[in-house]
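Below, each structure is written out as structure tokens.
What follows is subunit A paired twice: with subunit B in the first complex and subunit C in the second.
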Partner chain A sequence: MIPYRQLAGWAVFGGVMCLLPLVLPPGILRMVIFANFLAIFALSWDFISGRTGYVSFGHPFLIAIGAYSTAILSFRFDWPLIISIPSAVLITVISGLFFFVPALRIRGTYFALVTLAFMELAYQLTQVLRPDITGGTRGISGITSIVSGAVPNFYLSFSILFVAALLLWFLARTRMGTALAAVRMDEGAVTASGLSTIRLKLFAFGVSALVAGIGGAFYVHYLGSIAPRAMFDINFLFQILVAALIGGSTTIAGPIIGAFFLTFLLEYLRPFIDGPERFLIFGSVALIVYVLKPNGIYSILESGYGLALARFRRFRPEGGPAK
Partner chain B sequence: MKLLTIAKRGVGVAAFAGATALAMPVGPALAADPVVIGYIGSLSSDTGLSAYRGAQIAVDELNAGGGILGGREIKLVAADTQEDVTEGIKAYEYLNEVENADFILSGSIDDVSLGWLPRMAEFRTPTLDTWTSYIGIIEMVVADYEKYKMYFMNVGNDLALGTVYIDFGRDVLARQMGWKTVVMLQEDTAFAGAVGGFVGEELNAQAGIEVVETIVYDTQTVDFAPIYNKAAALKPDFLFLISSVNSQVPSSQYVKLQVPVPMTGINVAAIGLDFWNDTGGAGGGQSTFSPLPAIGMDFDPVSQAFVDTYIARYGDDRPIFPHFNGFNAYFGLKNAVAAAERAGGFEPLDDWVREMENTDVVLEKDGQLWHRYAYWKPGEIEPRTGLEFTHNIKFDMEAPYDDGIPPMVIIQWYHDGSPRVVYPPKYANGEFQVPPWIK
Partner chain C sequence: MLNLLIQGLALSGLYALIAVGFTMIFSVGRVLNLAYGTYIMLGGYVYFTIVQEQGLPKVAGFAGALIAGGLFAVIVYEFLVRRLEGNPKAVSISTLILAVAMQALIVLIYRPTSKSMWPVINGVFRYEEIFVTYNVIVATVTSWVALGGLLILVRYTQFGRAVRAVSMDRKGAVISGIDPERMNRATWMISGALGALAGVFFATYTQLFPSMWVWPLIIAVAVVVVGGIGSIIGSLIVAHIIGFMEVVTTTYIAAELRGVFTMLLIIIVLVMAPKGLFGRGDI
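== the complex of A and B ==
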């Protein structure tokens, strides 16, 4: 059965977002672009960690593989972007297998720590292994942009977010998505029911790496520069995790909401608090929201909507139109 | 009927995204009134704060003098980078597209500057850097002048710094002290690796000093006794420390352990006057290079006036004395404004760039050139290296330094807690010393 209502929701979401450049100045659009990319990364993380329960602390590793691959191929070897970006995505998907291998044997805290080690290892390697290619600690600056200006970059980044979110939403609705949720709840039961958890996890890790690779590749061409401290930074990891968790894990809307909330909260504070204190406030707000509503902002919006709907019904005569 | 549909969720997500974006306080709608100068850099590091405070003092003086460009007030807007690359890009975008900055002064470190450089090229905003010395940025200006011509660097680049350091090795370490062997102690960073390799090779080639061994230590090291013991056992004439992270730790332990081998090198913490307190008074004997103007240096009257203002205003707050980039921010901002006055504004860009390239402010002390704020022009060749350094501060790499400042001086902390300049002789107000426990 075709989910018309849901598809209508996607159409409204896309339509409203496409109108933003008409009402927002370029400075705000720039922030939306960062929020779009953070949402892509959070969705990608949530697909592997939120849905399967394999919490990854090394997600920036995958994003950085995509970003560094296209940066190096295009900047150092003059590959056209039409080839360097797909190549980078392919390399990222293959690299996702590095995550998959430990997932065959371990999970929980141990898996999280192993993935964190991947990120740290890549951070060190980027600096010392062929710095003439990676740019070492200082990275690479002057990477080719795909488009220039706030509005074109907004549409580009939103298109990627929209397609990625739609893809993940579709996958989550399939039997495969249901099976992945079952892996999170009881992996042993899934195995006992005759399903191959190895294949399920391979699929989830592949999809997550695919989205991370696409996001990372386009992100670096938006930034125009890349440095190990930007890509393998623990703060970058935290932002991805917090965006997914504070927005609402295991949903599609949640990570998007979380990404926008985090990005704009920090930027709201900038004109009022120009020093590092704004990061303290940012962390405190995130903590309070998460403690009070562990299911994230999405659940707050959902319950708020439910409450409004209940009041609406109370004032409406049975079966009649609203007054 | 289930009304809470995905359709409504779609509206909710879009509404949330739109609402957060619309609620953002937008900068001045009428940008015509004040001249907006943006500061981009860390507001929590000593060097970042030095540059910001230097800019604040310059802005206050200019505003007190009746404003600029026909009496317009300057509004200084700071955008903190946290020394984070991505935050730096966001900060540069914020200054340009929310605050509509006319000019940007930077107190950014290497990779942060490299991060926002593509935004600078896109926005075409006049920008002056006061902290990074990365030669790669100057090479970008040389290679693609049209794209990067709005960029100026107010500190001598790495290559120039390193070249003068080798002169110090030849003149002082080899000739004056008679040292022939060295053990390199370098932190495990790419910066130290690159500098260590260059210094080791050049000390050998130009000063005849042989590197006996290179000991690489982790930046988180807290106990340096085994490292110093190992180095001392090799019996070198001196140690060469390269430390940019937690430099207070190897410095204070060197004094407390009374390591029986003299030590010099590159010690980033030692370029600030707070170093003495940070080491608990155990920083004596440490020497390091510092771009000019440096702590411990005798200042020309104009620079001294800036120092006095800084101390009167910020002397109780860390950093208690401006780092070199505090001077560079103060004079750099004033020079950029003066160029704008001559050009009729920061726009058109080409006019401002031309006038900035014509900047030539000479500060004299006792009738001789003591400091000079001028910039290498496109196509101009530096005679010693035979290279172009377009838009880098004009430096002079040969004594008697009458065409510009040397890219750096060597300072040394004496055991009474006073820093002195020990090289080059023109700026020296002290002799290079070995610690008193070394016979």
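== the complex of A and C ==
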């Protein structure tokens, strides 16, 4: 069955986003660009952590591998971007599979701890090992940009987001997606049905790393600079996590909604408090939403939509029980 | 050489104290409390406010830090962890979010710049070639006293037996007339107070800055994970391994690589021996 309604949703989403540069000033458009990248990262996180239940606290590590690889290859070794970006993505996927090794032995919260340790390890190592290549604590600046100006960058970032989201949406709808959801619920049962959980998880980690690598590589060329503290940072992890969770984990629309919500909320808090203190309000909102509505904004929208639809079609018989 | 030994012992004692509050929560409720680092931060900042900004006596500083840590821990338990009980993933994610939010609160109150913390007691103990600051001595002694007290409390008192009973079998504990909620609240409070106590001394080592909670959290995680869950002796041994590793690295290799070996240790042990080096004992 072809999911007409969801395809229509994709078309509307794509159409509206493509029209944005016509109405928005460049300042706001730059926020949208950031939201696009954050949405890519949140989608990538959610594909491992939401779908298979292996919570990754080291996602900035994967993104940073992609970003650092292309930055170093293009800036230090003068590789053209058309080669450096794919190489960076490949390196990230390989690191993602390496990242996966602990997941063979441990699960649940311990996996989260190992990934957190990975991130802190990478943070310390990039500063100390070969600072002539990584730029040490200061990082690298003056990285070539792909396109310049807010509008072209918006279209570039949005097309990456759109393609990544479509790919993940398609994968989630295949039998593979169902199997991955089953891994979250009961790994033993998946093995008992004759599926290899190792292969399934390997696949999920590979896909997640692919998306993270693409996002990271293009992000660094958009920013033009990179530094260890901006990348291997718990605040960065926090933004990714919160975007995915507040929007709605295990969905495709959820992390995108969450990323936009996070970016705009943080931006509109700027006149009142302008530093990292904004995370206080944001963290509190995120916690309240998470404790009360673990499935995020998406589930609120969905139930609102369902209610409206039910009213419209009079699904509920008169005086019947409300569900 | 002797200086190295003393430094190592002192740092390890502090690390053991940092880890012990985290271990308690973990072994009683199987809860991975990633907000644990904020107790340490809270302890440091509260002591700083009371003693250095208000000029009140140090005893008041310690009392304030302990109360703040314990109170905050109970609040976290009541309003967050208890509501997510039975979902360890949700607990670890939400406590991490909470920790970042608390960091933002500290930035809001104390500004992002780092604050220098005076030693708890000034002066240097000197004997021939050995130099030890009194601060380090006080920190180490306090750590050992707190650890010993905790061990006695858990092993030999009615309260300790009740806590252990809840951690082994909640239903059985209820049948024996123990209120598990009360025990959990008490455990969280002790954990918070211990964290805050460790935080005061930790801050005299490293200074106060809003992201200071990350490193102690990693230490606590490393000690618990590598030592084996619930093994208090294992935790002590691993605290010493990590402490000495850090001192040796700082002295002989490079100060920037301090944390690298600790992180590698966590990764390798979790991958090779997920149950930890010292299996599971009892607390």
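Points to keep in mind about this one:
In this text, the second predicted complex is superposed on the first by the 306 of 323 C-alpha atoms of A that agree within 3 Å, B and C clash if a C-alpha of one lies under 4 Å from a C-alpha of the other, contacts with A are read in each partner's own complex, and residues count from 1 in each chain.
Methods note: a residue touches a chain if its C-beta (ideal position, glycine included) is under 8 Å from a C-beta of that chain, and two chains touch if they have at least 3 such contacts.
Only a predicted model underlies this, so the values are computations on that prediction, with no experimental measurement involved.
Once subunit A is used to superpose the two complexes, subunit B occupies space that clashes with subunit C. Between subunit B and subunit C, more residues of subunit A are touched by B. Look at A:L245: by the touch rule set out above, it reaches subunit C but stays clear of subunit B. Applying the stated contact rule after C-alpha superposition, one finds that A:L43 touches neither subunit B nor subunit C.
After overlaying the two complexes on the shared chain, residue contacts for A:R5 are found with subunit B alone; subunit C is out of touch.
In the superposed model, A:F261 lies in contact with subunit B only, and not with subunit C.
By the touch criterion defined above, A:V220 reaches neither subunit B nor subunit C.
When the two structures are aligned on the shared chain, A:I63 is found in touch with neither subunit B nor subunit C. Applying the stated contact rule after C-alpha superposition, one finds that A:L180 touches neither subunit B nor subunit C. Applying the stated contact rule after C-alpha superposition, one finds that A:Q127 touches each of subunit B and subunit C.
When both complexes are overlaid on chain A, the residue A:A286 reaches subunit C alone and has no touch with subunit B.
Once the two complexes are overlaid on chain A, the subunit A residues touched by subunit B in the first and by subunit C in the second are 127-128, 235, 275-276, 278-279. Those residues of subunit B whose C-beta lies close enough to touch subunit A in the complex are 3-18, 20-27, 43-44, 77-80, 82, 84-86, 89-90, 93-94, 96-98, 110-111, 114-119, 121-122, 134, 136-137, 140, 189-191, 193-194. Across the complex, subunit A meets subunit B through its residues 3, 5-6, 8-13, 15-17, 20, 23-32, 34-35, 127-128, 131, 136-143, 145, 148-150, 223-225, 227, 229-230, 233, 235-236, 253, 256-257, 260-261, 264, 267-268, 270-271, 274-276, 278-279, 297, 301-302, 305-306, 309. On the subunit C side of its complex with subunit A, the touching residues are 32, 80, 83-84, 88-90, 92-94, 96-101, 103-105, 107-108, 112, 210-211, 214, 218, 221, 225, 254, 256-257, 259-260, 263-264, 266-267, 270-271, 274. Residue ranges on subunit A touching subunit C, taken from their complex, read 53, 55, 57, 101-102, 105-106, 108-110, 112-114, 116-118, 120-121, 124-125, 127-128, 234-235, 237-238, 241-242, 245, 273, 275-280, 282-284, 286-287, 290-291, 294.
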